[in-house]
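Chain IDs A, B, C and D follow the sequence of writing; residue 1 opens each chain.
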């Protein structure tokens, strides 16, 4: 009877924040119903969490392999259609790969994989299918981010000539200066966090935003990372010079030691005709600069916005929506794709965004280790 | 199996904005499941909407009376526990009354009734029961609004000496100057809108905010309303002088002809030790003023906030939550009450808030019609 | 040799803030030279101050009468042309009157007089002469204030339908609650401060701003003042309902007990086509609201501004000017008038602004004492 | 009779903006009197300007050499004490040198010279004298900039670990894309503008701010500049990675093609205990970040500010001062130095600031031309 898309969740149980974010996002536009899950590898916690959030426990599976086995055995009309992968980073690749191979659509948290090599394999795996695959660069779902993308596409600020994107947080500051403490944080452990902490976790958002907004590819980068202490092996801060072409340059600035910053993703893009500025912590205000007219502030929900932007606003202007709504907009786009309804480019980040992100991370570290030299992307 | 609270919805179908707001709010904290509804008096639209949003149609009823009849016939363990009343204003009273009388908890949209008389009857009806009754003054759910309440309660700004609350919108401007148009809008039709347009719709929010935040009762008011045209019989703008006591004064300012304003609810409260300022359109910033210290900006999710405030934040600082989250916080409080879990005063607006609101509306109009004279509240 | 206007100063010596403000304002556009003064009634302080600030002491006079006597005895080509009256309020009237009668132009601090009766006498005195007379409502000199005036004059926001002006300060809070202290402050002493403290000192700015910006006269008012303590005889807070005509209404809000507020003059004006918002503490940003276009932020110095506004900006956009520049713009207008150069209405506040201000103060107190009734203006 | 310091001006006539800025700054604190000048090499314009601004013409000289000759011939008690050098950049060096050699104190506009070599010579010249020498890095005069310096000095944000300073303007955008136009602008002509346009004009402000605020020296830099067109030989945009020490890093970002930006100097500095953020266009608000307390906004004139900051505020809090006041604070510091009164480090930028600036400019260009390599400073 229900026309809702059958959604499965892997990970995201307990007090996982990413779990809440995805769950609410899936609810928001009445498109999805969570029908199965492996919230946690520990059975008691898994089943307990399902009960706690009121999910029917009949399709809560003990582990990922059982999930695959049991669900694929179900008739198509009952089988889970799409799976959100919210597990620790190193599990994204094997799970996403197996899900694709078994015909599930996938909504994968970022970083998509732990290496560029894995990302390429995943891309090839996907290429053979008709599977919908989304990587949740959450911030691309904000209405004013989408409005920027459309304004740039429509040449409203002319040819891009400068891109400056910041992602500053401060949460590692109280950890990094304490030798004992910094050796206990999983993100600073290369075995768990991969080859990068700061660039991998947030720099990749800045990178994705740069390419998502401009519609251009970054061709080369020069990274200067900071580790602060010799015994700390993963970067916690970095400035990355970027080139879209010989004369179209930019800078990505990331930090986890910008003490007191919360989640300071900020965008500044300048073209031959104007400029755009936006801040994640105050997402409903988009500054549009020009040379000879007053500064304009665009806000969500107004008819002057593009379809891609309006698509992501549920209430009239003046009713602030936030990050749950942003993620929900990505889920909305995925729902359209799964249902074979028309949707616009930009409604959700795709496999290629995930692949580019992995390459970016690896090349940042390579550039830095090679004496801050230019490397290709 | 599910521990979710069984929720029924009356109204809120089709493209109702209030419907979306309540539905998402009910999902957000995993507490409720919508199990029955009368979304629309037209059956096709009712059932169609249920299918569209993926609700099991077995308990979609053709009308309110059938809803009551069928649900009360169910065993307690299956019966809907709480009903959200999202119908046109004039139906709030009879429906809420019947729901209370039949043992349902009620979440009622504002204005709670169309007259103060009805409000008093409803209050008496409720007094004989153990029913949980909430009026959705949505803005009381914002974390920083709750933080203001707690700071005032904890004497952080001292004795209140001045209260200034604004609620400015501009949406009636393009309507009011066109004689034909202004005679077609339901809010300007006394048969549908009651005795007041602006004060009734938004002034009452300002009033509720004043009492919610200060914990004080407004004792008397003097209202100057504006109707702009002789053939317009409902106020579209008004300034209301208020007194909490002889020397504790304030002003509530409301307008629907503040051209270009969207949803400009703004709070300024001053005490003997400091001041508080907050704006709904940018809800995650609370200004705390003092005489000899730097201005402080409080933001949600930090440990320096009160429990009542923190209770309403799902993600870490820097991840902006918005109006859906605000309403969800009210639903969260109601869930605790229904489950007989402990909760704080202020987690949801109660019957008395609705009653006070109705009295306020009637007395504003009375004051204005009586030559802008002082009236008791 | 110098083409500078010969300026005299009465008052403003020592660490007088108003003295600094006027002195710098007179310098800023290279129009004036201070050639004579009575900075202080105590001779040592008078002459000492002149030396301290490097003024030639030959025309520092011991008192106002000597100033008049000696200056009028000088040939026209040497005589002081314009006098800034910066003395305590009760001296404004007798000094300004005598200056006018002796052919001096006058720049008079506000309040222009201590009673409306005096103001009327001064107005009649002036009417018989060709004297330039300015009242220094300082805030009218800000470029963005002037831009508002011109936009309204040019019908850019249509017919005015709502005016809301705030002037909140908090400086009396730490005084008023201490009985001893509050009896020692001159502004709270009716013998020195006149019949009003808050309305007289800052409410009158709000009133002047309302009339200056809209070009309309306020016809009637209803004031609710606050004195907080029985032994305090002058208002320290007040809300004043105003009517420009039957249906064009507004509110002026003033306080000196808005704890933590510094100098919070804020303007909101709404018309049939748009709205304007401005704040004194951040004077270089003017918000221009409309119904269907993005919010616009006007800033000083851009060619899109009016001549009256541009006239008051000395540096290119992005170089913030402040309150000294605002006062300097008034001095600039007065210089033009003295030199018989063309100037625009609005370049400096005139006698009538001072007269209206005095009437406003008296009628506010009258309205309040008469049970918050409507009084004519 | 006058205790004012005798000031001479070289350059700054006609509609020179820098002329207005210095002139007003010299007036603001009643310390200086302009007694002589060469405003313009064309005699008619020189003398005409002196008359226009009301300066006694007896010491207006036809050229710089005559200025030196005639002034040095005057008795010490009449002779000009300090000279403001406001001429085109290439004249700063020879004039400043000759002034120093002849015993004049000097207030020199930036860039202090056109080459680092010249700067070193000037420094040596000065070293043999007791002359006061100031370079007008104007922005160091803002009260909140000074407050940042003092807070850092007092360890309020702990050890510095990240510095990010932006200076974005957009004024070259409408010029650079027009081949004809870009060949006519003096700043883009290496003969007139030196070896750098953007870094030389505004990057050097960012650099000075970094060292002024932190009290640290930048040890090495890596610059990526942008010229946009092959026939354009001077940089118009650049990002410069900087290192204060091996692990204390930062970035300076400068542009003149950030379309729509006016004068966007912005500071972000993070330490082990907190962060500081400030923007030139809105100079009276200083953000102080910490990990576990609310964001604080410092404003000028409050007693919680340092002496160095309070020293630069003339009016009470809430009365916005701007860029003229900032420059005036530098003149105030210079006046103290000339009078041998005590003053704090930081009251005006000194010779070494000018020398460092020139080295920075040259090394930026060197780093860029050498394939974006690290160079020492």
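Keep this in mind: a contact is a pair of C-beta atoms (placed from the backbone, for glycine too) under 8 Å apart; a residue touches a chain by one contact, two chains touch by 3 or more.
Model, not experiment: these values are computed from the prediction.
On a Cα centroid basis, the chain most remote from subunit D in this structure is B. The chain pair with more C-beta contacts between its two chains, of B-D and C-D, is C-D.
Centroids of subunit B and subunit D (each the mean of its C-alpha atoms) stand 55 Å apart. Per-chain Cα centroids separate subunit B from subunit C by 43 Å. Measuring from the averaged C-alpha position of subunit C to that of subunit D gives a distance of 35 Å. Within subunit C, residues 261, 295, 299 each touch two or more of the remaining chains. Chain contact summary for the complex, subunit C toward subunit B: residues 157-158, 161-162, 164, 166, 168, 170, 173-174, 177, 222, 224, 226-229, 237, 239, 241, 247, 249, 251, 253, 255, 257-261, 268, 270-275, 289-291, 295, 372, 374. Of all the residues in subunit D, the ones that touch subunit C in their complex are 1-4, 17, 20-21, 23-24, 27-28, 30-31, 33, 51-57, 169, 261-264, 280-284, 299, 314-325. Looking at the complex, you find that subunit D touches subunit B at residues 288, 292-299, 302-304.
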